[in-house]
Structure formats: C-alpha cells, structure tokens
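One chain, subunit A, links the two complexes that follow: it is found with subunit B in the first and with subunit C in the second.
For the complex of A and B:
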C-alpha cells in the first residue's frame, strides 16, 4: 500500500521534472542541459522574494515562474538561436549555461539546509494506515493538472497547435505561416516555466541545494529517453515506470540505488528500444 | 561609393610546401617545421623556466588537461560524438592505476599503461550502448556517468568510499613526472594528427558528416565509433592515471566537473577540430584557473561564460585564426 501511494507521488514528481525537457526537445530539437539549473534557480528566486523582500508566498511564486520564463526566452533568443542546427554547439552552449547558473549559485553561498520553501498546506492525513502529508497530495493534484492542461493547450489553442506542427515537421509549419523562431522561443520559455513550476512544487519537500540541479537533469533525461525523446505522453508513462521502479528499489535495496535505477533505465532502453517506449514518430531518424 | 572586400590568398610558400616532394629549400623546410618546433621545444623547456615547484606542478596538470582536451576534440570534431563527461575517463583511469599500485604493488610506470588500456576498454564498454545511435544520446550518457560513478562509490563505500585510496606511489622524481606527461602529450598530439589523416581517420570523419554513406559502403559504423571512443578514452585514462600518481591520492573528486568542462572550454577557445588548438587552450586556461583558485567554484562559472561567448561569437578559436594569418595574405581589393 505504501509502495502504491509513494510510487504514485514519486512518479508524478518525475513527470513534472521531465515535461519541460520533453517539451523543448520535442519542439525545437534543442537538448536543454540547463533544465536542472532552471529548476533550482526558480526555488532560489522564490525564496529570496519571500524571505528578503517579504512578499506574499503566492505572489512570489507567480513572480518567480514568470521570471524564469523570461530567462528561458532570453537564453534562447541571445544564445541558442545563434547556434541552432549545430548539434555540438547546441549541446555545449546549453550545458555551459546550466553549469554557470548552478556553480554561480554555489559560489554565492546557496548551500546547506538554510534554504527551504514552506509547504503550501501544513498537516497530514492517513490513507489506509499510511500517513501522507497534504503537500504530497497537492503535488499529485498539481502534476495531474499540469499534464491535463498541457494536453489541452497543445490540442485546442492556436499556439499549442503551432507548436505541435513544428514538432512534426518544421518546414511544413514554416510554409503554413508559423514563425519557427518565435515558436521556439515560446517553447523554450514554457519549458523553463515548467521546470520552474516543478521546482516550486517539489522543492518544499526538501532543502534547496545546488546538487538537486544535476539530479533533476538526470532524472528528467532518464524519463524522456525511456519514454522516447520528444514524446510528451511517453514521458508521462515512463515517469510512472521509473517512479515505481525507484520506490521499489528504495524499499527493497536502499536509498542509494535511486540514481542507479535511472542510469540502468537509460542504458537498457538504448540497448533494446532506442527510440523509447512510445517514441515512434522520429524512430528512423535517430537509429543509424 | 567605392566598395571593397577583403581577399585572402594562400602564400606562395604555403602552396609549394603542400606537396611532400616540393621541399626544395631550407626556407620551405623552415616554414613547415617552425610552428611545430616552437610547440615541441616550448613544451620541453617549460619545466626549466617555471619559477617554483608549485608552477612545475601546474605544468603537469596542464598536460593532463591537454590530453583530455585532445581526446574531446578527436571525439567531437572528427567523429561527431560530444562527450560531456571527460571526468569519467579521468576517474576510471585514476582508480585502476591506484588499485594496481596499492593492491598489486605495480610501480607507477607499469600501472599507468595497464590503467590506460584497461580503462579505455571499460570506458568503451560503458559507453557502447549509445554508439549505434545518432543524436544527443552520447552527450547525455557521458554526462551521467561521472555523476553516477561518484554517487555509487559514495553510497556503496567501495574503493575507499569518500576518503579515497591513499598511499599511492609517486613518480621516482619530479623531473620524470613532468617529462613523462609532457612527452605523452606530444606523442598523443602528433599521433592523433596522424590518425585523422589515415584511412581510419577518413572513415571517422565520414561517420560524422554522413553516416548513411559510410553504412552504404558496407562499413560497420558502431565498430568505427567504438574504435574512436577507445582511442580517446585511452588518452583520458592515461591522464587520470598520471594524476593519481602526481597527487598520490585517488578519490571521488576525480569525477569532478572541472575535468568535464575545462577541456571543452580549452577546445573551443584553442580552435575546434585542429587537435593542437586544445593544447594551446589548456596552456592558457589552466594557469589562469590556478591564479583564480581562491574563487572556488566561481572558476567553473568563468569557464562556462567564456565557453558560451566563444561558441556564439568566435567559434573559430585561436588556432584557426593563427593558421589563417600564417598561411594567407589578406588584402583589400575593389569589387
């Protein structure tokens, strides 16, 4: 029973982490190696708005997410757009930006247990006989809401449809009057905002530390590869697979093996089904 | 208004010395060998001109980074595999050499070659699953390994855990230490330059440019990629093995980020795809980073920002610029 409950919570958390990465890669084919950094820095922005400026919690969250969206857009507009299509440069540039953010935060002294965001709702309840705090239940709710609203956004709004069009075939989208540069900026900004949202929702469960940036990046990438790079719904399903696998290993083997699960999942996927469990769309392009 | 454009013409001597049999005069021979001699002699006298023990140690570190940077350049710009985890090679090579030395009692000069070959084999095996695939998989997997390795060693408390392995023998004396690494850098530098011009290097470059064409010629891409990964991880492992014998200590800091990011920065600054550029980049960046040692992790921020600036605005690098100035005449002509 506790495996079921905590597995679900963990899976939703993983899905939240991974969606931003999947969105950006799916649309503009840019692997955003700064994803983890965006996740962590949103937590810090919210923390400083809340603690040093003394703003309202809800207000500072909204501001932090908007700020990170702007950061994402600027990152694309001023750096990534110039190296678009050069795979080596894209990877190195986004990785370097992520490192600069994370190590800059570490240098700025943001480490240790002094930085925590408060949970949204205090208290806990018991399901069956397992105690679960309200915040974790809220994580499940928010995660589900994000997944559903992302689905609605990409299926029923003009911008969402344009984004999907670009993901399927950029040239055809261009011919139909979709400005691919603008759309890529939108995709990057919304990917950054998703990373930020995940940070805001998940960081209250622990301390805000720089190392989380690397962890989140790896978890997000593992989920995306298992689900098939660029496939959003695949990422959600893969999140459940990896999430439960992680909880099972934690219960039966120990907490240290959580990282190994992600690595093993990536390796096994690459060996047996390189395009991921659900990534049919571009299957032929990636296999040599 | 009169319009002008810049014209670039190869120098006559460059054109004449392109062919092997055209070497008719001392001047032409000098033109060809001067840049190489400057590098070789410069590297060899470096240990003598360094003011203190500390800076001599820095030279050894420069050489280790140079090995890593050459290995990055070989993989990224001749095979098209971007390795974001140079620290994996350093770590694997370093740990193997440390174990060989402490558990089996091999002297450093025997442990290092064993670590180089065995480490290269292990790294190739670890990275093998992503070799049949195109795209970002290699970058992702190579990024993950050093982080995961450090975590695994920490968690399982194997190989000395967080304390690391202590009591490793150093080189017999510091001159041997320095000349060993310097000679290794020169050996691999010129070796790789030869390699990329051999038939094997031609195939590797073809894999980068058009893998379908290589496959259509009946060659096994995965095999060739594995060969390239083996060579470049051998260089990295050699660097790692030397490093543990220089510091007489091997620990999880061998998987640190510096080893992943600095060689990339050095390659981009020095000139991507020139093989010798990365060595120049290391000669510039590593001493600067030693001077900035007080700033701690701010150094990584510094490399990253330089890296972004160079890759976006000056992607040719120092070496390509230098080659252009050396080989070509530039002049303004009327359109």
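For the complex of A and C:
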C-alpha cells in the first residue's frame, strides 16, 4: 500500500517537473536546459512576493507564474530565436541562461535552507494505515488536473490546435498561416509556466534551494528521454515508470541507489529504444 | 615650513593612531577555502571575519614586535554541493596558497573527503591549516597521528564524529532510563563522515543493547524520505538518529511532522535544524527536533564568560544569531592562531606548529588545547577542562541547550503524539 501511495505521488511529481520541458521540445524542438532554473526562480519570486512584500499567498503564486511565463517568452524572443534549429547552440544558450539564473540567485544571497513556501493545506490523514499529508494528496490532484487541462487545451482551443500543428509538421503549419515563431514563443511561455507551476506545487514540500534546479533538469530530461522526446503523454507514462522504479529501489535495494534510477533509465532507453516510448525520432533509431 | 609641518603631522598621526600603523604593515593572509553557499561555509566565514575585525581593531597581531593585521581571503570550494568533485576544493586551496599568498589556511575545506585530499597539499607547501567547520571524520586526526612529520601542519579545532557519537549515546541512555526507549533507526547522508558515523552508531548501539531497526543511506540532494520514515514507523522506532548536512534535511523533518512518526528526531550535523531561521522556515514543524551543533557558542548558553559575548557580537555584526557548526570554532580558530603566532614571534610554519601544540586558551566553548599527537582539539563535558559540545532541542520556537548538563538550559521534551 505504501509503495502504491508514495509511488503515485512520486510519479505525479516527476510528471509535473517534466511536462514543461516536454511541451517546449514537442512544439518548438528547443531543448530548454533552463527548465530547472525556471522551476527554482518561480519559487523564489513567490517567496519574495509573499514574505518580503507581504502579498496574499494566492496572488503571490499567480504573479510568480505569470512572471515566469514572461521570462520564458523573453528567453525565446531575445536569445533562442537566434539559434533556433541549431541543436547544440540551443542547448548551450538555454543552459547558459539557466546557469546565469541559478548562480545569480546564489550570488544574490538566496542560499541555505530557510527559504520555504507554506503548504496549501495543513494536516494529514491515513490511507490504509499509511499516513499521507494533505499537500501530497493535492499534488496528485493538481498533477492530474494539469495533464487533463493540457490535453483539452491542445485538442479543443485554436492556440492548442496550432501548437499541435506545429509539433506535427512545422512547414505544413506555416502553409496554413500559423506563425511558427509566435507559436514557439507561446510554447516557451507555456513551458516556463508549467515549470513554475511545478515549482509552486512541489517546493512547499521542502525548501527552495538553488541546487534543486540542476536536479529538476536531470529528472525532466530523464522522463522525456524515456517517454520519447516531444511526446508529453509519453512523458507522463515515463514519469510513472521512473517514479515507481525509484520507490521500489528505495524499498528493495536501498535508499542510496535512488538517484541512479533516472540516469540508468536514460542509458537503457538510449541502448534499447533510442526514440523513447512514444518518441518520433526515428532517424535516431535508424542511426543507432 | 610646509614640509616641516607635514612631517610633524605624519609623526603625530603615527604615534596617536598606532592601530592605523598596524594596518599599514603587510597583512597576514588567512586563506579560507569554504563552501560559502552552505551553512557550514558561510557561518565559518562570518565567525572568522568577526574575530579578524576584533583583532585588527585592537591593533593586529604582534609578530616579533611588529604589529600586523589579519586579512581574509575566501574562495568558494563548493565541496558541500552534490556532484561537485573534490578536485574543485583542492584547486581552491592551491589558489589560496599560490595566488592569494595565504600565510595560513583556516576553516575548510568543509567536506571530509575534500579535507582529507587537501592534507598532502598542505604538507607540500608547509601551510598550517586549522579546520574549524564541517569535517568530522576521525580519519583526519588519525592521519596526523600516524604520519606526524608529513601532516603536522594540520589541526582541527572543532569536535569530531567519535565525540559526537559519545554525546549522542549519553542522551540515548538518559532517554532509555526515563522512557524505556530501545529502538533506534539511523538515517545518514551518503558522504564519508555520515556513512562512517552511521556505521559506528550501529556498532555502539548494538553493543549497548539497543535494537537497531534500520540504517538508511540517502544520496546528497535526496528530497523524499517517506519510505525511510515509514520503515521507522513500522519497526516501532523511538529515536531516529539523523546524520545529514544537506539543506533537504528540512524536508525529512517536515515529513516526520506531517506523518506524525512516533520517534524523536535526533540529528547530528543536521544543518537545516541548526539555523535560527529553521522554526520560521518549517512554520513550527521542526519542534522537538534535536541536533548536535558540535561546539558551545553555536546556540545560546553560558559555557564560559566569552560564550554570550561572542554570541551577541556575532548577532550584532551579522544580524543573525550564531547559526550552527562552524560559527564559534571558526571565530576561535583566529584567536588561537593569533596566540600561537605571538608566542612563536614569527609566521614560519615550523615554529608556529609547536606553538599551536602548546595552546591553552579559555575560549568561547571551553578550554582549548590540541592533542600534541593528533592535533585534534581536546573535548570534555566540562568547559573548564576542554572543548564542550552542545545538543539543542527546538522548543516553542527557541533553541534550548539540553546537553551537556554543565551548560544545559533545559531538558529533552517529547512530541505530544509519542508521550509515554
């Protein structure tokens, strides 16, 4: 029972961490290596609005997520657009932005373990004799809501359909009058907001530390590679695979092997199924 | 006339303000390789800078009749960060010696692995190092004792893991007698000192008749501890012994509170819980957490007349109370070094080493003396006899010292969900 409960929570947390990365790559083919930094900085923005300016928690969260969406759009508009299509340059540029954000935060004094956000609901309950706090239950609910909303958005809204059109065939989308750069900006802003939302939902479970940015990036990359780069439904499935694998590893092998799971998943995927579970990188498979 | 006036004024200034004259002398460079983004790094830096400011304000260090000020050079070693190789810390130490021309190395490296790796470097350049934060591995002082001629430049002024284990068991025994506790669960971070301490804790616990219900080693950066805590709960654990200095340890304590695990969290080098800001950061969920802050002065007590004087001076200068392991010991490292330099009358390492070995200072956390063979500060339960440790417990938003009894300001309390 404990494996089922905490495996589900862990999987949803991983899915939340990875969705933004998967969305951006799926639509604009830009591997956003600043993803972890956006996750962390959203936490610090919300913290500053809440603790320093004394704003209401809900408004702090909303403003922080909007702000990070703007940051994501600006990142694309002013930096990534210039290197679009050059995979290595995209990685270098986005990683450099992420590094600048994280190290800038550290340089600015955001260090230590005292930066925290309050949980949304205090208290805990027992499910079949297993204690679980309300915030973790909420993480599962929010995660599920995000996945469903994302599906509805990409299937039933004009922008969502345009984004899917871009993801499927950029040239065909251009012929149908969809502006690829505008859509890429939208994708980048949405991806950044998803990273921010993940931060807002998951950071109250612990503290906001700069180092988390690097960890989130690794987890997001692992989930997306296993799920198949570009497929956000694949990312959700991979999050469950890795999430449960991590918990099973902790229970049956030992806690210190927990961190190896994601990296091992990347290696095994690249060996046996380079395009991932739902990926469309067939050329990669052919090359391998 | 003008020249004469100028000369007279200059002479007057030199005689009236001798402090300034000291400051004009060539400074003694204190190279501090510290992991500055982490508590054990930045609090050590603050402790060192406070002592340096105080000493310089009083005219500096008397080196063979010449007053010279201290100057601090800090390089971030990043050795407490997950995934940063030890070589980064070694580069920092070497840069301090070769580039910054450090006369002495103070503070770190902070991680045991890095400090052990830096020992041959210190020996190569004949640079005296006084470790004052982080490093707890007993191997450090054991190596000095084993290869004295090679590693005689290495000193440690704060407590080490064996001392901490002894202090822990003194408390565990008391809890056993008072509440009948007998089940111990150990959680450690996957780093040298913590792994070593967990092994020793398990061995000693079994020898003392404790039932060790589990040992969990978490990688640095781990952020979910639910399965470990559930194991502790299933095995009817009464004390969870935590050896973790990563910031994520506060997640562990929050989870412990949210899950209402009926076991007392008793940490050592539990950096997150040592900080004064811990209460606010956890919104009170850290209540009842116990942690060993290694030396007195890192939490409020009256260990010696100097303890609260230091405590208040630190709080005044940095706008925060002394924060944890490394604060008082780094502060005292500067004073002890000054004392040794003044007795040696030179900065020559080979002459300062014997002077340091003869150190006998009543400091912030008791009488400070080094074991002449291992260069480890001599510990004691009585501040009049040696360096005393401190175990604190968070009670109603305050850090209450509960051990050793000679300096305690309160006693251990149990959370309401495990009242016996």
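Criterion: the second predicted complex is superposed on the first by the 279 of 288 C-alpha atoms of A that agree within 3 Å, B and C clash if a C-alpha of one lies under 4 Å from a C-alpha of the other, contacts with A are read in each partner's own complex, and residues count from 1 in each chain.
To be clear about the criterion, contacts are C-beta pairs under 8 Å (C-beta built on N, C-alpha and C of every residue); 3 or more make two chains touch, one makes a residue touch a chain.
Since this is a predicted model, take the numbers as computed values, not measurements.
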Subunit C versus subunit B on the shared subunit A, clash or fit after superposition: clash
Partner chain in contact with A:266 - subunit B first, subunit C second, else both or neither: first
Subunit B versus subunit C as contact partner of A:148, first or second or both or neither: neither
Partner chain(s) touched by A:70 [first = subunit B, second = subunit C, both, neither]: neither
Touching partner for A:127 - first (subunit B), second (subunit C), both, neither: neither
Which of subunit B and subunit C A:214 touches, first, second, both or neither: both
Touching partner for A:31 - first (subunit B), second (subunit C), both, neither: first
Contacts of A:106 with subunit B and subunit C, given as first, second, both or neither: both
First (subunit B), second (subunit C), both or neither touched by A:96: first
Touched partner set for A:250, first subunit B, second subunit C, both or neither: second
Stretch of subunit C penetrating subunit B in the combined three-chain arrangement, among 5-13, 23-31, 59-67 or 113-121: 113-121
Shared contact residues on subunit A - subunit B and subunit C: 106, 214, 254, 256, 259
Subunit C - residues contacting subunit A, complex: 36-39, 42, 81-83, 190, 216-219, 221-224, 226-228, 230, 233, 247-251, 254-255, 258-261, 271-272, 275, 277-278, 280-283
Residue ranges of subunit A in contact with subunit C within the complex: 2, 6, 9-10, 106, 111-116, 118, 124, 130-133, 135, 205-207, 209-212, 214-215, 247, 250-251, 254-256, 258-259
Touch list for subunit A against partner subunit B, complex: 31, 33, 79, 82-83, 87-89, 91-93, 95-97, 99-100, 103-104, 106-107, 214, 217-218, 221, 225, 229, 254, 256-257, 259-260, 262-263, 266-267, 270-271, 274, 285-288
Residue numbers on subunit B that touch subunit A, as the complex places them: 76-77, 80, 82, 84, 129-130, 132-137, 139-141, 143-145, 147-148, 151-152, 154-156, 211-212, 215, 221-222, 257, 261, 264-265, 268, 272, 295-298, 300-301, 303-305, 307-308, 311-312, 315
